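Below are structures written as structure tokens.
Okay, so subunit A shows up in both of these, paired with subunit B first and subunit C after.
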Partner chain A sequence: MKYLALLTGPEDIGQSRLFWAVFVLLVVNFLAGPLWMSEFEASNVSYYLLNLPMALGLCLLWGYCGVLSFGQVAYFGIAGYLYGIIAGNMRGDPWGPLLGEVGGLAACAVVSAIFGYFMFYARVQRWIVPILTLVLALLLETFLGQTAGYQWRVGSVQLGGYNGMTGIPWFQLGDLTFFGYSFYYYVVLVVLVSYLGCRALVNSHHGKVMLAMREDPLRTELLGYDIRARQLAVFVIAGVLAGLSGLLYVQWGNYITPSQLGLVQAALPVIWVAVGGRSKLLAVAISAYALNWITYSLSSAGNQYALVIIGGLLVAVMLFFPDGIVVTLARNMNRQALARLFRRG
Partner chain B sequence: MEEFSLVISVAYQFGTNAAFLLLCALGLIVILGMMNIINLAHGELMMMGAYTASLSYQAGLPFPLCVAVSFLVVGFVGAVFERLVVRRFYGRELSALVVTWGISLLLSQGTLMVFGPFLPSIPIPGGSLDVGAYSLSVYWLILIAVSIAVVVALAWLYNRTTFGLHARATMQDAAMARALGVNTGRIYMLTFSLGAGLAGFSGALLAPTASIMPFMGQQFVAPAFITVVVGGAANVIAGAVGSSVLLSLVRTPVGFYLGAFLGLVALLLAALIIIRLMPNGVSAALQRWSDRRAQSH
Partner chain C sequence: MTTHSIVRTSALEKRFGGIVATQDVDLDIPEGELRCIIGPNGAGKSTLFALLCGIHAPDSGNIFLKDRDITALPSFRRVRLGLGLTFQTNRAFHELTVRQNLEAPFRLPQGGRSSTSEKRYQYALSTFGLDMTSDVPARELPHHRLQWLEIAMVLAGGPDVLLLDEPTAGLSPEETLQTARVLRHLNDDGLTIIVVEHDIAFVREVAERVTVLHQGAIFAEGTVADITAHDDVRRIYLGQA
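Here is the complex of A and B:
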């Protein structure tokens, strides 16, 4: 019961029974997807879903904790490349991919912990964190871009410069290899667990402290909480979640290029979170899914306006829906429901 | 003679690095010092400066005039952005970062659609100068001189003009400055326009050294951001000069022995260590040091 309260707590959209009924229906709908989707469609839906952990991590960091990062794609790339290196070198070993996952996520945790230590323990001003994280992503992109050629290989895996790393193995657990429908189920499961985990986190005691830090760091500190350690913890969680998206991405497409860590890609998580509404996890999940679907359709139709549309959307949302489109809609729906109640009473 | 030319060469390397960082960061740091926001569209404003310079160079203007035109055009664009968008985000620094990023995406992709993937580049003015076994580019020597001149001009602007007085008052305490009759809204607009104009100016000056493409701004943003983070916002000129000198002390030897990319990595590592020691940047540390000296006298 206590754990259920964590899920239904007040810090995200949807507490009513009706909401949870709809939520369960939605999950069932995703699980039943392969009944009416072709493998190709299922693979597309996996792609829209696989960016959700990165978006949720940024939502925790920016919306709930008040710390903005522009460099989440750095962890996406670190995990993706490291998975490629480890799993690629252990090709044939049934547990290689799992080791690759563990290695990739551990590297994300270590890099974000070191980077976060220097920033949060220095108590830098708020604008420094997004700037430095962006610089980290840009430097990694530059580094990986110049790794073309035979001398840039780790074991038997070539880093591949701007063409990227190709032939990255599928995810595999023992004899079970995940591709097609099984990969789809694996993505749905990972995304569902990340969402519910984040939701439980924000409704926990630590979540309340996160909100307090966002509202007033000084007061939170005077109440006896070590805000440096707590900000660092959320930063690491967000980094690991971004790494999770990176793992799913390379397992989905079997390749990764340095442009996945570039300036344009780095803008995308920020846009998903801003458009949905950074203060609510579910809003971010919805907008990340929808925007991934839109940009994927636009760019596979060869549309050169995709970036302009995305940039324009970001400016328009910041100007006219500063709380995000989904959050604003949800609030208006709540208000209408309240008004109806009052009229009856 | 051999040692002499080596010293000259090292000083030249150091000077070009410092001038490059200073030119990249000046526009950003002017805006940061006043409004405490980072303009993420800075790289794209530099790109616009390079585009304006290239277009007016093709139209037959002499290069120095092209640079002046870039300063004015991009400064005007900056004023328009401030009026239309940035103005609404004062006091919400994180949102301001995000909205200027949206503008930067619009600008770079819009440029690609309007002007295509590249413009004709500008030939590097001036030849080279031989000192012993080393050869120095005259244009980079000019850039070093220009960046010193810009710093002097900014120091004059901030310390000797009415605008500078009002600007410093607004930086210290905007509410109090408003109460004393300073039109802070106008100061904000002019400062943003000045910062944008400086970005355009630097973009035009660096245009001959780069290829002129819609996404060329990206190569300037990483060094510019690091310089600004290390410089801090307490004092525009002390921050810009202190941080670019300090960082080129790091970058010159690393870049010389280990290559340009590791020079950039060294910048990032140096920035992390410097902010751990001086969280508000070099400018705040310099400010504290000079305050203490003033007190002891």
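Here is the complex of A and C:
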């Protein structure tokens, strides 16, 4: 019961039974995907979904804690590259990919912990944080970009410079290899668990402290909290979630290039979060899915201007819905009859 | 001198550039006292509180809480050792609901407040007319309720010493009196309270002893009657010849 209350608590959109009924229907619909989607389509949907953990992590950090990171792609890249190195070197070992996952996520946790420690314990001003985080991502990009030569290999895996790392192994658990429909199920599961986990976190007592820190860090500290440690904890969680997206990405496409850590990619998570509304997880989940779908559809149709369109959308949203589209819609719905229905459940 | 001091400072000093905000302050607050700190604007009252809470580090001198030297401790540790502060400008969480404000303070892992703290907290809620379950955003409260909300929020953390920086700023005379009564009652119940206050009527209502700060230093200390009769205090503070 206590755990259920964490899921239905007030810090995200949707508390009523009707909401949860719709939510379960949606999940069932995703799970029944193979009934209404070809394997190719399922693979596309996997792609729209796989960035959600990174978006949700940034939502926790920025929306709930008030700390904007512009460099979540650094962790995306660290996990992706490390998975490629470990799983690539253990090719043939049925547990190599799992070890690659564990290694990639552990590296994200360690790097974000060290980096975050220096930022938060030095009490770096809040507006410096986005710059520092972005710098880390760009440094990694630059470093990886110059690894084109043959000497840049780890064991049997070539880093590949701007051509990227290719032939990254599928995810695999023993004899079970994940691609097509099975990979799709695995992504749906990871995204669902990430979302529900974040939701439980924001509704826990720690979540309330996050909101307090967002509004007034000093006041929060003077209520007895070590805000440095709390911000660091959320920073690490966000880093690991970004790493999770990086893992899913390389397992989906079997390659990664340094431009995944570049300026354009770094801006995208910020856009997904801002467009939906950074103050609510569900809003961010919806907008990250929708925007990835739009970008992917536009660019796979050969449209050169996908990013321009997404950027334009960001500007329009910031002008007309500064709190984000989904958050604004949900708030207005709350005021109307439909919402009453929703709440009564 | 049988009562034991709960908050003590020795030779406390703080400068901001060329400005001496606190100098040579030896404060000694016995456990269970309600002390008022008065002094003209810029006398260093808020700075003294900031030093006690660890918002600023002193340039020299020491701070003791329950005989423990807390001079080097970070703020949150001092709060866990029993300090609670409300700011001069209201700093309840205006974007959060009343309930979220009251649920915000740190609770020990064992869960909850001691029975004494719980009693004080519940008393403050009921006399201040605050609803612990209210989902009204704090920003929609009238000013006096916001002031009371911040006090109640700090009491929810179960402090042993309450530092209030001008808690009645902007309150009507009745609201001021109500605040005074609540503080009086909490103090009768054993809570140590230090209040920075401008309103002399309020000081008369609540205080046993008064400390006068002037240009960062303790200028005078004594009972309310002593202080208000003190010629120099009248001159520098009350603005009377």
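FYI, the second predicted complex is superposed on the first by the 337 of 345 C-alpha atoms of A that agree within 3 Å, B and C clash if a C-alpha of one lies under 4 Å from a C-alpha of the other, contacts with A are read in each partner's own complex, and residues count from 1 in each chain.
Everything below uses one rule, namely that a contact is a pair of C-beta atoms (placed from the backbone, for glycine too) under 8 Å apart; a residue touches a chain by one contact, two chains touch by 3 or more.
In this text, all values refer to a predicted model and were calculated from it rather than measured experimentally.
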Partner chain(s) touched by A:V315 [first = subunit B, second = subunit C, both, neither]: first
Contacts of A:L52 with subunit B and subunit C, given as first, second, both or neither: neither
Partner chain(s) touched by A:L60 [first = subunit B, second = subunit C, both, neither]: neither
First (subunit B), second (subunit C), both or neither touched by A:T220: second
Touched partner set for A:L291, first subunit B, second subunit C, both or neither: neither
Partner touching more residues of subunit A, whether subunit B or subunit C: B
Partner chain in contact with A:L136 - subunit B first, subunit C second, else both or neither: first
Touched partner set for A:K208, first subunit B, second subunit C, both or neither: second
Contact set on subunit A toward subunit B in their complex: 62, 66, 68, 70, 115, 118-119, 121-128, 130-132, 134-136, 138-139, 142-143, 146, 262-264, 267, 270-271, 274, 304-305, 307-308, 310-315, 318-319, 322
Partner subunit A, residues of subunit C touching it in the complex: 53, 55, 74-76, 79-80, 85, 87, 91, 93-96, 100, 103-107, 135, 153-154, 157
Touch list for subunit A against partner subunit C, complex: 10, 205, 208-209, 211-212, 215-216, 218-227
Subunit A partner contacts - residues on subunit B that touch it in the complex: 32, 36-38, 85, 88-89, 93-95, 97-99, 101-106, 108-110, 112-113, 215, 218, 221-222, 225-226, 228-229, 233, 261, 264-265, 268, 271-273, 275-276, 279-280
